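First comes the structure, then the notes that go with it.
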């Protein structure tokens, strides 16, 4: 391992933070320059994450880029230890990509955009940290750090919408999201403490995932303990993963959030939850996981169907996408809950592809909303004649989300189905049906909004800006590439999945 | 010979009476007086214990009486300061009834 | 031969090129697509040649123990899902080859035709891009050697049909038709996917051959095999528009007519038949119960569709329903172990139907009219179209020595051999009706006296005429491939067969019967629609109620519409409401609100009066003392 | 009686501190009114000097003076430096306020110094009476400081309530002491522990006595149900005094409790451990009630009061977790005290600056602050996030440490309750942040029209009135009564900005890399828990 | 002998205390307090704590009562001399009885076997007060000082009023 590899992850986490500090000292009268600087920072993180992903040696497998800094020593034993395996590597790449895209399309934000970018980078750093942390404390630390900025990001730069029958203010959305996520992390926190206590009772008071992992391998965690602690992790992280019935924060948050935040939120943030379940729940408490999986996979199936069905009758673009992400996170949860290598791999791949896909969708919705100032499906129509490229990209994203082969969504969902078929046949059939439901609402959306003649009131709409086209195009490229040739991702994911216990 | 127990009973009774005063009186001055009663109850308890138990067990050097001296001192200081504040309030609000002194609540 | 993968790849390559560079290229890059499919056609012949002189010794080739035919299989690794390796694999055997031929040829013809037909359309380039993507998907479908790849291609075919049917999405009807087509077929696809995954669950691989082995060797239990077969057949029903999934096909004519030609003849709908043929080992495993289901579904479909075709007044609708009924016949034949017959009829019908649609297209192109009621005597103004259309019609109607006759005859033979008498009776009725509606469409449209307002109508331009002519030739003479010719070629049955190779056999009574029926119905049509000697009014009068049902297509659409509106949407609305009102407002908000209310209530304990504060302290003190005391004693 | 006054020199810092206070009082007499702020510099300089002196002189000392009445050890040293440092910051933050709103600056600073002296003695006294007297010194200073704004009716009222309840609780506490004395005959902590260990059965009089003792201390740390004075006193007191109440007196009381429990109860925990459960219950009630009632507050000072009650609950839970063989809990408590005080300092500093500018103290008054004074807003927001326990700020690290300690001592349910109630607390902290960042300043439409293409106005209004109907029965105050508005300044002084910057840095530092801080803390724990 | 004295003094003490908390007249209350305090001084004497008795008489009788009377006169309100109890006095009574009960029963439960009451040698008292208890002594003086300063700056009429 070269020096770079030793420092890589630390730098990766540090870059956005330092960038945030740097931006803080920019004069706020020059938003353009602030934006350029942010692009630079995000670009650096993107390049870093690319390099790290490329340098991850999938033949060797296991945890790489390991590095440990002492933080608090005995009796608490917390170290800042970093390292990624095949599961976190793609997610780090994902975050790099989405963050970069998000910053690029935030060009339209001029009102107090300095604070905006500072918070955005804090969020990004938090996400990087969660994926890189090898220590329970720091995993949780970064987890909360990623949640923390959401309130202001949505509250200040978000938008309130009146749906006639009911009203969704940005304050409401932001507060709800914040309280929900923190409520989830409350459970996680308790569970972490419980694990720590159990470990110190076993004579090894430590927070390092490596130590705890070996502890659980040596059977130090009793089954009863695992059985009552795992649900805490499951639900706590599940809240962030949009697990039913703790999902309602997600659509409302989307509706209120500005474009870039929606992208990061649905694209990356929701993945933290699923990742947490894998990384902490499964690795530390395999027995508990084994016993609780039927519940989890059932909830996941409910997610899939429930999300799809309620997406059908939404009238707000962002609500549709929000519920579709609930539905798609359902696939992730199912894949995890299969405790089957293929299903797990599918779950991880689904995280990646859904991240790109939903980020793309929100980007395009933002592009539309920016001009039309409405997201109402019944009001918008015939956009394809006004915004050809945007509509085309949206169609691609939609097809990806309904699992069209040749796009990344298919491979992931297919693997999830495969894994589920091996373990929970009936639920698998339900899930496949859910995939068909997806087609219904996606096509409904496309037909209502993009196809057909457009009204006079949309005469003024023009196609997305160069940036939106560029980012969208590259996202589309990724979707197609992963759909056609998933091997580069899969060979990394596979080595990550193989070492998971209890599979 | 009166045994310690009765002194303790006396002090408990005094304490209770003073406590009732604190809880039940409206005038701040009266409340301060009641507090004085409670402090006296303390002193009785201390001194009784000191006088009766000195030398037994770990009771040495009449610590009780010394503590009592300090208590009296503190009590005096308290009364002075409290009355000063009450005076100030009387000047500003022309009342010393604690149930009229409630602009801050909830 | 392993270069066969080039055939789809050409078209795959063409599509994005046209999308991206189309506007800068001459002719919007349509030529790219034609070049691609043409190249595919050429490569097809190369592959065909090398297949003919290939032997089990050739690299990658072996004699399949299911079809007993020569089969060549070439694989490249695609990606690994944990311990499972997924592959790109192409499989070449006679079935694949003939499908390749059909698809490449028809697609080529249709595209050339489209040059003329779609001329001047604003989305000309887009049209050709999707077109070649369509062809590519279909070619991949027939080449796939594993179910996963097949499913991939299957879905791509579906989406392409969506795009093409909804090509003129400014028309709401087109949008609806496209959505309908995609979703209806998608429902079938759910079955297909489940079937595939079920097979995988049993076999542990997506490779077709392994699945077949498991089925035939009994490694897979009968129940699972049957279930898998039925599920696969669900997919096939969706794509091949079998009852009750047939509703999308007639609406699919909302797309440009050449698209209909492609869909009906070569690509979309035959996929189902192809799937059943391809997965025949699974269907025929054990005592082949699934085949009975296939046969019944096919028969019902054929009957129902042909009755509707009899009363339809829209030219393209007539053709559409005839397609459905012929697909039904193919299924029936497969269900009756008529493997060869089905494939043969697939080909014959493909050419004829493509021809008919192109003809109808050229009629529409020049008259902008599709209601046969308003047409008539077009022979005079567009002789070529009339001529080729007639060839297609009589060929499909089963007039002897044209290809339709032979293929249909083979089907009847298969049915009479393997299924009981009821099947053959209904099959014959279907044949009769198909002859009748063909005659009706043909005579009303092109014969009799020219209806007014049609004088100015001109015939098809060259670019449209040439493909029609070529197809007409095939529609006419293709049937002769079924004979045992002198030389070493003895009948198509010796080339495409399942199990044992069999030459051409002709059951005389069936042949004569069907021939008589066909000729008779055409004569009847001539009398009724051209000479008007026979009046059908009293017939119509007597059968009025039945007629009404039939004209309303047995109310399938209405029922589906009702289900969608009253059930699905209402249900989803209810769920959405539940999510907002119950999950959100009650389960989520009310705890939060109750917390706040609790706070607002609790704050009242700070009364602002010192004595209540002290009282609280004292009570706390007593509580502490007593509690402690109790704990300690 | 010999040997008692050996190495009396170890008390030099205390004597010097008293001297410093006298000096300030004396110099006050000779200073013209416009130079009074020199007193602040004088006291700050003196305190810094004393910190240095104490650090070099007492490092590593472990002596027990006056027959074990006073302890000069790392524990007392740690708290000494902590208190004096806090004092420095408090004085610095109050300079402007005093200049603008208060009379008698000399007495103000002098009393603060005396209060610090009282705290120091509290931290190092290991005997009940000494502790009590020191506590009274601190409390008397606070009585005076709280009612220091003579003109303000609320200040007077706060002072009255404070002194009545203070005297009352001190009477109760004294009775407790007297009962302990009358049953054991001793008042030194370690004697108590010895008596507890050796006694055949502990007499109920002792339990009641200790219970009364806890009542007195519970009053100081504002544990429910002895908390009722807190909101009123915090609200009425002058702002810097409020800050001081929240930071200083609470920390001192906890230092005292820490030593009392660690030296008096913990050694006997095997025979007698009811105190643990009782303190745990008190802590639970305290944190929940504090956080819940805080939800209903609209006055910033009251909000902070309830939040401080809740935090007292957290720390008290840590006290319940003290154990003989692990110093995790005591480390956690001290770390929490430091982090919490720094955070509070940040918040209150910013609030004081806000008050100096606007003279307002309702939450609603902060609308649009982020636009007008972004730095202040950022400080308050970061402070609130930190209080809410969100990471890279002090709040998260200290909470995690403390709760881990609590859980590790077997009080997992208590830790869970604490975590849950800190979730509740997040709501009202976020409400403040929302006012500053999301709501637009009254009259100025800066925010939310550039964005929010829905109808944020309608939305905001809807929310606002829903707020209003739920709280309309709360009393309304103008920010400063009896303090003339003429004294407001246009912008926060550089001094305050500097203090805030330092506090900000400290908040980040504790949140990101607290381990240097843990060195002295562990030394301190070792001093009071020799077993570890 | 001592019994009679004790009972007498106890009655006086408690009676005076009750007078303080029950009477409706402020001045009477003050006088009752004085009575009770003197009785307490007597109790001290019964306990052989003459020095304390002296201190008690001096400080309470001499200082505190005077201050209280001053305060009463300075704060004479419109409702003078009538004073009343607040709304919660029944609760208060219950609470007070409760506290009394807890305390008394706790004393009742462990009767410490006690020796004959005796008095300290003054020298020892003074000695220990000024050596062992030196620090509390110092601080107590500071407390007094602080109270003094506070009383002055709070009570004295400021510039802005008069």
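Order of writing sets the chain letters: A, B, C, D and E. Residues in each chain are counted from 1.
Heads up, the rule we're going with is that a contact is a pair of C-beta atoms (placed from the backbone, for glycine too) under 8 Å apart; a residue touches a chain by one contact, two chains touch by 3 or more.
Nothing here was measured: the structure is a model prediction, and the numbers come from that model.
When the partners of chain A are compared with those of chain E, the chains appearing in both lists are C, D.
Each chain gets a centre from the mean of its Cα atoms; the one farthest from the centre of chain C is E. Here the two chains linked by the largest count of contacting C-beta pairs are B-E. Comparing chain C-alpha centroids with the centroid of the full set of protein C-alpha atoms picks out A as the closest.
Inter-chain spacing, taken between the CA centroids of chain A and chain B, is 64 Å.
Per-chain CA centroids place chain C at a distance of 103 Å from chain E.
Here the CA centre of chain D is 32 Å from the CA centre of chain E.
Each chain gets a centre from the mean of its Cα atoms; for chain B and chain C, those two points are 98 Å apart.
In chain C, the residues that touch at least two other chains are 592, 603, 606, 608-612, 614-615, 618-619, 621, 625, 629.
Contacts with at least two other chains are made by residues 4, 8, 15, 18-19, 22-26, 31-32, 48, 53, 56, 63, 66, 70, 74, 77-78, 81, 85-86, 88, 98-99, 101-106 of chain B.
Taken residue by residue, chain A touches two or more other chains at 179, whereas all remaining positions touch fewer.
Counting only pairs that meet the touch rule, the chains in contact are A-C, A-D, B-C, B-D, B-E, C-D, C-E, D-E. In the complex of the two chains, the chain E residues touching chain D come out as 102-103, 105-107, 109-110, 112, 127-128, 131-136, 139-140, 142-143, 146-147, 149-150, 153-154, 158-161. Interface residues of chain D facing chain C in the complex, by the touch rule stated above, are 160-161, 164-165, 168-169, 172, 202, 204, 207-208, 210-212, 214-215, 218-219, 224-226, 228-229, 231-232, 272, 274, 277-278, 289, 292-297, 424, 427, 470-471. Contact residues on chain C toward chain A in their complex (touch as defined above): 77-84, 148, 151-153, 155-156, 159, 162, 166, 169-170, 172, 175-176, 178-179, 182-183, 186-187, 189-190, 193-194, 197-198, 200-201, 568-569, 571-573, 575-576, 579-580, 583-584, 587-588, 592. Here chain D touches chain A in the complex through residues 326-328, 331, 370, 374, 381, 385, 390-392, 396, 400-401, 403-404, 407-408, 410, 412, 415-416, 419-420, 423, 426-427, 430, 433-434, 437-438, 447, 450-456, 458-460, 462-463, 513-515, 518, going by the rule given at the top.
Within the complex, the chain A residues that touch chain C are 166, 176, 179-180, 245, 248, 252, 306, 309-310, 312-314, 341-342, 344-346, 382, 384-385, 399, 403-406, 410-411, 414-415, 417-418, 421-422, 425, 428-429, 432-433, 435-436, 439-440, 443-444, 447, 451-453, 485-487, 490-491, 494, 497-498.
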